[in-house]
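One chain, chain A, appears in both complexes that follow, with chain B as partner in the first and chain C in the second.
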Partner chain A sequence: MSSYLEANARERLALFDSFEEFVSPAQRVVSPHLAQLNAPVAFDDGVVVGRARLGAATVFAAAQEGGFMGGAVGEVHGAKLVGLLRRAVAERPDAVVLLLETGGVRLHEANAGLIAVSEVMRAVLDARDAGIPVIVLIGGSNGAFGGMGIVARCANTLIISEEGRLAMSGPEVIETANGVEEFDSRDRALVWRTTGGKHRYLMGDVHRIVDDSIPSFRAAAMEAIAAAKQGPVALTLEALEVEQHMLEQRIARFGALPDPLDVWAAMGVAKPSDVPMLDVDAFTAAANPHRQGA
Partner chain B sequence: METLNYRFDQGSRKLANEPKIVGVVSSGNLEVLIESASLNDACEINIKTAAVGFGSIWQAVMQDFQQRWQLADTRISINDMGATPAVVSLRMDQAVETMLGEAK
Partner chain C sequence: MDWNTLANALFPQGHDITEHDQFLSGSATVEGQTATVIGTTGHAPIGVEIALAQAKAILATVRSHPGRPIVMLVDTQGQRLRHRDEMLGINSYMAHLGKCVDLARRKGHRVIGLVYDQALSGGFITSGLMADACYALPDATIRVMALAAMARITKVPEETLTELAKSNPVFAPGPENYLRMGGLQAIWQGDMAASLASALADAPRTDQRSALGLARGGRKMAQPVIDAIMSGTHVRAA
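Right after this comes the complex of A and B.
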């Protein structure tokens, strides 16, 4: 079984050659909040962190478990991510690889969860500032949403599958807040057109799209680590200004369009309605002349 | 939540030292942490379950489990989110098989 989507967090660690866990489940560092709410805890609080080998590279890696509370970030979960990133600054691995699958903040843990996510963002940027590239992989069924969607966009490189999703507010949240006319969360095709891997690749929000397999994510992560070392790793003011410009252009060009199909047509993609049916290679070939931020 | 504890004495099969964890705490599923521990040849099982009031069924499933494996000096810790007895049995077998290096 090599589907990345169907694997759980620990099964996804198969993409590394070896893995040595920090804060193992046997240490039972569990959420202090969930017990107070009479809710089940997990011995790893829904995230595996540790040191891994990936080909010739030593990396620090984290894998979020989407099955446990949707991969949501509580106090312990967030602290494990922050600790991993800070240890990376101290021990200087070749890269940090984050296998994200998360709905964002764990609302049960309220302020502790919110603070945890903001600390993760800061820690990602600190790692980059120390010259350690951060690579994010997104291919779980829960995608990467909320504050962790922002964390993902703080990384050097994002790798996604067609099944992966990346956004801020989830579909149900948008429908609840703005009405079904704004966004029909039950329209799965619309949800994936709007937040799925292919749209994110076309919009320039991610750097690579791969098919849904652990070996494909592995290969892409290895290439991303090698490539990240060629350029500047730290976030620069210049890069932020380029991104700001891209976002302004995006609003100007596509802001009035109601559906990603219209966006793709406006970008010049030949047959937008065929895009969801293309395999990764055919899609990449069709998308590359038109995608943003390339 | 309900906490259940079981202890089965006079087991015969000892396991490796390295703790293993299998399964995920998600709806209808559970995680099983299995460790070797000095328990005077006993197997201790600690369960925290979201489904309250099923103690007698857990007892039967645990007895069947220990009859199959006869574990000694083993501590098993379970976080359960409403898994059915069949899922519990399979997950616990998977935990032992992982510990024995026989996992498929």
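Right after this comes the complex of A and C.
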């Protein structure tokens, strides 16, 4: 049993064959802002970055630790991601692999975190522009939310598990702002079918869905690196025009529907209510004829 | 600030900007040259439609007017907080907008952001913060969220955050804090048209914000950490 969900960030590095950390915890590079709030610090500020081997490939990799402030991005955490991506541009690994688990901007470092996330976004696109594919893995219990949900969608390829979640605002935030009738954050089934891996796969926001195991994420990441090199790695006008059309069609087709179950039905999925119960193979088989953006 | 007043001050040589459902778009003349103008007004919540409308205007500019400068006028309360937006994948819409801005920059369009009223969180990260350089007016508000909400989530008393905000730019909403942290290139005083003209002429081609944050003393750790990783050495504290 090697659940990706239950592993912490450093345990997830087992999906690589070797890993050499940049700016290790021994250097004790901690957040300069948390102490004045009497909040705990971490010697890695909640993210591991370094160089790794993945089969025949050399990759640069980062893994966010959901157990530290929900994996949220502060000044140092964000700078480690930016440094990794900029070094990738200089050293040209085969890919950058980001193991995201994060609530987005770390509110304890609000303004610095917001700027940092936008720097990460630009650094991801700089890496792509340099021809280095960026692969995102999402399978931790905190999902990939907020500004990092945006960063994730700047990558070439996203791989998610059913347990993974990808979204912008958390259900609690929406419920607080607009009431329980807008989004009941305690309705776990609703939360999962709105933000979870299966919905994202059907909508075309992620490219692969895998079962919750480190070997499955490893295999999918290796395939994604090989596949990414077959097409253009950088953004192109043509690809963004296609994406524009896809996102327009999504609003036109599904924008008036109240629930993801209705969206799946509108796509033509035979038994939408069965979708949450299917294992990955059965789900993929049922989803592939209907999923968007494929 | 009313966007008409702003547009007339920014573009004395003329503009044809119009508003549709809080989305601003059109063109304007800057130093005799045509620029594309897009933006939002009325503290617009950024939902999937308005993110896509901005992206469409940028792609049309890249497609039909190579090299034409782009000015983004920012006034937003942040991303729209609705179940529908999340169901439709609002993060994908915002990422798409950010990628369109990024593509425009790489294809040689100078992109300038201006926070003329309010900038929050997700509404800012894919607009002004993706520009070559972002500026603000002195009365602008820029933040991730209000201190009261921040206090609730971080469990830090609001009085503590208010007190810290006086000395630490990390918590306070004013544009001068984003300036110190490198998130803003400058705060515009005086002649806005002249400020825009020099911003377009001087637009940096690379992301200099961490270096600016260090030089200005508002973000002292980011650049040393980036440098240490780039060079494979230890972090040198500023």
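Here is the rule we use: the second predicted complex is superposed on the first by the 293 of 294 C-alpha atoms of A that agree within 3 Å, B and C clash if a C-alpha of one lies under 4 Å from a C-alpha of the other, contacts with A are read in each partner's own complex, and residues count from 1 in each chain.
Note that in this section contacts are C-beta pairs under 8 Å (C-beta built on N, C-alpha and C of every residue); 3 or more make two chains touch, one makes a residue touch a chain.
If you're wondering where the values come from, they're calculated on a predicted model, not measured in any experiment.
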Following the overlay on chain A, give me a clash-or-fit verdict for chain B and chain C.
fit
When both complexes are superposed, which of chain B and chain C contacts more residues belonging to chain A?
C
After superposition on the shared chain, which partner residues are touched by A:E75: those of chain B (first), chain C (second), both, or neither?
second
Have a look at where A:R165 lands relative to chain B and chain C in the superposition and call it first, second, both or neither.
neither
Tell me which partner A:R12 touches in the superposition: chain B (first), chain C (second), both or neither.
neither
Is A:S118 touching the first partner chain B, the second partner chain C, both, or neither of them?
second
For A:G146 in the superposed arrangement: first (chain B), second (chain C), both or neither?
second
Which partner chains sit in contact with A:R208 here, chain B, chain C, both or neither? Use first/second/both/neither.
neither
In the overlay, answer first, second, both or neither for which of chain B and chain C A:V41 touches.
first
Partner chain(s) touched by A:R291 [first = chain B, second = chain C, both, neither]:
neither
Once you lay one complex on the other using chain A, what is the shortest C-alpha distance from chain B to chain C, in Å?
13
Would you please give the residues of chain A that touch chain B in one complex and also touch chain C in the other complex?
38-39
Using the touch rule from the top, collect the residues of chain B that touch chain A in their complex.
1, 19, 21, 24-26, 29, 31, 33, 35, 48-50, 77, 79-81
Chain A contacts chain C in the complex at 22-23, 27, 29, 31-33, 36-39, 49, 75-76, 78-80, 82-84, 86-87, 90, 105, 107-119, 121-123, 125-126, 129, 146-147, 149-154, 166-169, 171, 173-174, 177-178, 182-183, 194-195, 199-200, 203, 205, 234-237, 240-241, 243-244, 247-248, 250-251, 254-255, 259-260, 263
Residue set of chain C touching chain A in the complex reads 48-49, 52, 55-56, 59, 62-63, 79, 81-96, 98-100, 102-103, 106-107, 121-122, 124-126, 129-130, 142-145, 150, 153-154, 156, 160, 164, 168-172, 177-178, 181-183, 207, 209-210, 213, 219-223, 225-230, 232, 234-235
Which bits of chain A are touching chain B when the two form their complex?
8-10, 24-26, 28, 35, 38-44, 46, 65, 67-68
